[in-house]
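To keep things simple, chains are lettered A, B, C, D and E as they appear, and every chain counts its residues starting from 1.
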């Protein structure tokens, strides 16, 4: 019973934090653009609004896909320790996390593909290509962490950084951190790696055909995704956090870096993006790995 | 272009033959231990010695002129050919036979007519033929005594028939030739088989031979030579006749 | 130079001439003639192999000749030559027959002509 | 009581001849085929644990101063592969009954039965000659199976055949070399003698192992022999492709586990890192295989070819797992072998069902079939989720084990390759999903139906199997560990739910992940259910703004974005493609051989040169015999 | 055992009788050949072997003798079997010349195997050459005439070499008996011996279809009818394989080792055998005419057999004998069926033979079995040969290992083209092509029986193992064995 309660609590927490992050992101972006921007809770309002509107669907696959997308990310979130707390007793294995996240991507892709809109398909194709681009360097960085700690458990990595701020992995492996940041940028779909959304070319790509509850579910997915991704970085490089508050602040910090980069860069073409990701972050990650292995 | 190829062939031929010649020269002048190609013949080491002494069966036997021996042919070449190595000789007959068969197989179907020749040849034909047949007959009957034998005799006899054709007269029909050929052939091998029945070995000279130097000597050899002569003459004549329209149907194809 | 060497040399030359002819001639009849030259060469060679210097014919003619047995030339090569002559005759006769057929089917006596039949079959 | 072992190989063989007689009665034939595979599965099931079961035959051929005896023996490893192979075959057989109707009957049942006969023989062979015999039998019959009396497949099969023949030749050479060492054809004895050889003559031992490895690599399509599956799988009968991909790609794996692994583990080989040099080569080959397989699969437009490359990539994982030489790696590899069997049979069967209904293999000509064949779609969907290694389905645990093993052996770059391949897998897996099952339904497929019942049953069973193994990996892991114990490895009995790794805090409770997933699903469903209802509209209604494509004189399938799905990505690799296309090299080699062949033929038609060649022959004899 | 000469005499007498047996000549030929087969089997089983038969009552080396050993009589059985099969598949030949020539050929190929005299051997080989030339030329069309004349010229040239060799042997050793030569061969000057070997090998290599002596082979097979192909392969080829054991392995070997006296020559022969394998298999690879494919494959198998004999150790010789038997049976199947297929499809091109295997599944299966045996797939007869060969080669020198690698590479090529052809039989028929006729039942039955034999030997090589072992024992100590047979007193 406690577990059920935990799960609901953690999920709601993640969704809430994620949505607020998105709101803050929009606010910051507006400020960078010298606009005023919406309030930080705007995303929550958006979701509620979308959920309550009537929407159109083409077939059962869209429903299935969107539910799958959210399922995957919430599942991932439940697997990640938040400031040492975890919803469900498990070993917080990194590889499990990586694969669980994939369910979300797959579900999302399936749902939008089912719409039959060519833009959506182009978006999906780009998203999947981009995924190959960022997963590899990101994983390489994580591999360094795993080898360094001789464990693939996030919890163990987290605990190893406890104590002084100098124990944080960001100091132990700065090159790896830079690589991970670059990969994270792509993972969150922010510029310069947002070819899959590219509102100007392919009309927001995957989202083009979504409306109402589907778009709402999409928003939720995105929110949880942001939460998960930032939480990973925080766990890996910033020592996790002693309390939930510091953990969330660190997350926000990571997120804001991404948002600011998003707003000052133009967009790469998809193949340029993949090339970039395979050269710079990958190169850095490999250098880091070699340094660790020696 | 064509000349180039011919030239190339010539060069290659000369190169090859030079290599072969050089090799043979090296062999001939080799001075390693062992019997060399150019060593003098040592008759004692070879089978011919026993043939000449007619002591194949019994190492110590001697023979006299006019006496008896294991093989009483005076012509030792004939003795080798028609007695010691009779099997080879009977196979030669088969070689000729198969040649004629093959000849008949491959020759084009259209044939010439036998045309009359000059009067001179036509008139002299009986005389010429008699003479040739006589010489042929002498050769195969005397083959074990003097040079000659079944093969040359057969050739001479067939020449007689050829002369007949040239003169415009087919002296023997195709069919007769076939019969002669077959009968002679079967007889040769029947004699061989008879040897097996009588003496337990094929191609054995089972007739008691006369004395060396006699006409009626050498056991089976004159008989065999007679058969060979007939067969060879029939076969060679068959070759000539193949070109001409005979009285006989050609039953292939 | 002994007689034997002369025999050997001449027979070898004949064989070589024949071998040369077989390779370089294109006309089938000429090839067959070359083959005949080889045959002749071989026959001479075989007889030469049995040659004894100042030897006698291996035919007994009288009781005198019995004493000369040691001096007689080897009869076996002669017997072999007789056989080989017949075989050569057979080869020649049969090959000429084939040549007639060849001329009939190919319209030429050149040995090259038989290369074309592959082409013709493929058509 | 006839020997069980003998019956097992005889029944397929006899049935093969039986079916030849009644080949035209396809329903009967394929039902017989199902019966045989069912019988095999049952017999194998009863044979579990009876490791002393043997059968042997004396041939009366003297070799190594003793009479040659061919023998089959029930051994844990062979049983493991044979059992799961025959279960898979049984499921495929059920599918085949429906598939081989009047229109689709490939009339290959007898050859397939011979193949099954060879299959049992390979897995239970006790001596090398039996192994080799069955291996050749398998190669030859699979050639006929792939070519199945059609011209275009025959061309593809030729490619397969040439590689197979290369493999059998090297295998024979290897077998005889090794048998000469041990003076017997016994497999275990040859392992021991090779281990001894490593101590004395390292290079020779590596050469001998290489001879075997080439064969195994060819049959399992490990780099550099990765290119034949795309041709052979694509052209073989559609119901045979699953067999090809699931069972036949495991022969090489079986060979490696049986023969090469024990040697690499026990022989005295200089170490390189935590493993040794040959194992590292194995790992690198596995890595290249999986990366290349993935990349090539991404670019493929033919769905069967695509999954052929996917199989290649999966074999790469398995090889990488084996190359770690650690127990976890081997566990992972064996586990993944079985998972691959299940997954690929699900995928290929669903594709076969699609082809059965549409007759089309090119993905971009299809689309939207999910709405007409929902069950097939679900099978395929679960198949790809599994294949991508996503929890909570079965592909995950085995991949996880392999990755863990690689990491614990510090094989860092191999791990990166593995990650690259399994991420790339999303790309191609999704491509088929989007192109075939999603998107616009072309007009000509408007009226097609769901796959027939007899096809649906095996597909459903496989789907449930994937789920079951995904939740309870012990279903496979228990036999895997039993096999490893039987082979003499030091492992514990496996648990139903958890898989173990060498790292600290890394024991993975797979069932828990399933619970987490279900929890996530529950929450997502709550959100879904509590939101406002939606209206269903046709696909054209939205993005074409209600104007039907036919109004503009075009067809709906023009809206399918599927032909150049990863075009930009492909262009990145274009400069590289020529380098890695070994089949082009092989084709060029074939052309050269053909040209030489034609030249020699011409030589033989010439009459003029005949005598010249004779003289040349004499010259060879003179030169060789005298001058040299 | 003197009666064994009936093996020669009866067909020769039959050849004369055939001149008059107008319609019955085929029947007579069959009866004679059947008698020969039964007679030779009786000899084989009589238990009196090995024995030397004196002809004409003169003891060797003065007279001509026949040597009957399990090995030679075994070959005789094979030769006569091929003869029977070739008679059964004849299509409508009626002329007496054909049957006469055939019977002479039969006698001559038996004689080649049995004879113990080198000059007698020469005559027999000339007889076979004439006989087979005549039979090749029998269709009298363009290609058969061209093939025949090409073969005749080559064979005559080669025969000239052989005759010179025989002459030199007589000149130096003074004897023509094989056993006598073998016992005296060590007396010869090494270089002279080399010359003799080279000349004799040239003579026999033409008939053995070895590259580069084999320019006649594809044309001859293409020119001849199916039954002539079976004769060419089953009678002459088998007799040729036997020749190797006698000329090479008895006359010119170091006693008891199975190796040639002259190592250089032995190596040259191996090179020639390997060249043959390589050239023939590659040439067959892209060949479209099925008869030529089979001809090339025949050459290749012959090269393989000779390679096996030349390796010279026990395993290799056992392998070579298995190859002889397997090649004999398998190739006979293929030639028999090919004849039917060509008659059916009206084309010599294997690409035009689509669908025949579907129409005649038994024939198709037999063809596949034959091909698999030739490729050396396990559980088919050819495999045991290949196995023995590889094993022997690996036990031999590095040179042999290289050789066996070449053999295995060519086996790949062979496998590709054979299975390609075999599969073509099972392709769907082109709708616009009609078969000219149906395959004859007796041909298919023959092929099926032989295919069963292949499988029987393949699954149970022990069936013929004792025969092959006795043959191998004979070869391993061939010289002393052979001399003991011919000269029991010494």
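What we mean here is this: contacts are C-beta pairs under 8 Å (C-beta built on N, C-alpha and C of every residue); 3 or more make two chains touch, one makes a residue touch a chain.
What you see is a predicted model, and the numbers here were worked out from it, not measured in a lab.
Enquirer: Strictly by the touch rule at the top, which chains does chain A share as contacts with chain B?
Expert: Looking at chain B and chain A together, the chains touching each of them are D.
Enquirer: By the touch rule set out at the top, what is the minimum number of steps from chain B to chain C?
Expert: 1
Enquirer: What is the chain whose Cα centre is as far as it gets from that of chain A?
Expert: With centres defined by C-alpha atoms, farthest from chain A sits B.
Enquirer: Please identify the chain with the largest separation between its CA centroid and the CA centroid of chain D.
Expert: B
Enquirer: Name the two chains that are joined by the greatest number of C-beta pairs in contact.
Expert: Here the largest contact count links A-D.
Enquirer: When the centre of a chain is set as the mean of its C-alpha atoms, what distance in Å lies between chain A and chain D?
Expert: That pair's centroid distance is 35 Å.
Enquirer: At what distance in angstrom does the C-alpha mean of chain D lie from that of chain B?
Expert: 73
Enquirer: Between chain A and chain E, what is the separation of their C-alpha centroids in Å?
Expert: Those two chain centres are 78 Å apart.
Enquirer: Between chain D and chain E, tell me the centre distance in angstrom, where each centre is the average of that chain's C-alpha atoms.
Expert: Using C-alpha averages as centres, the distance is 44 Å.
Enquirer: Considering chain A alone, which of its residues make contact with at least two other chains?
Expert: In chain A, no residue touches at least two other chains, as defined above.
Enquirer: Among all residues of chain D, which ones touch two or more of the remaining chains?
Expert: Answer for chain D, listing residues that touch two or more other chains: 605-608, 611-612, 615-616, 618, 622-623, 626.
Enquirer: Where in chain C do residues touch at least two different other chains?
Expert: Where chain C meets two or more other chains at a single residue, that happens at 19, 22-23, 49-50, 76, 83, 87, 90-91, 94, 98, 101, 111, 114.
Enquirer: Taking the top-of-page definition of touch, could you list the pairs of chains it picks out?
Expert: A-D, B-C, B-D, B-E, C-D, C-E, D-E
Enquirer: Taking the touch rule as given, give the residues of chain C at its contact with chain B in the complex, in rising order.
Expert: 12, 16, 19-20, 23-24, 49-52, 58-63, 65-66, 69-70, 72, 74-76, 78-79, 82-83, 85-87, 89-91, 93-94, 97-98, 100-101, 104
Enquirer: Please output the residues of chain D touching chain C within their complex, sorted ascending.
Expert: 605-608, 611-612, 615
Enquirer: Within the complex, which stretch of chain E touches chain D?
Expert: Its residues touching chain D are 146, 149-150, 153-154, 157-158, 161, 191, 194, 197-198, 201-202, 205-206, 210-213, 215-219, 262, 264-265, 267-269, 271-272, 279, 282-287, 292, 315, 358, 361, 372, 377-379, 383-384, 386-387, 390-391, 394-395, 404-405, 408-409, 411-413, 415-416, 419-420, 423-424, 426-428, 459-463, 465, 469.
Enquirer: With touch defined as at the start, can you tell me which chain C residues reach chain E in the complex?
Expert: 15, 18-19, 22, 28, 31-32, 35, 38-39, 42, 45-46, 49-50, 76-77, 80, 83-84, 87, 90-91, 94-95, 98-99, 101-102, 105-106, 111, 113-114, 117, 120-121
Enquirer: Quick check: in the complex, which residue numbers of chain E touch chain C?
Expert: Per the touch definition, chain E meets chain C at residues 119, 123, 126, 130, 133-134, 137, 140-143, 145-150, 152-153, 156-157, 159-160, 163-164, 166-168, 170-171, 176, 219, 289, 348.
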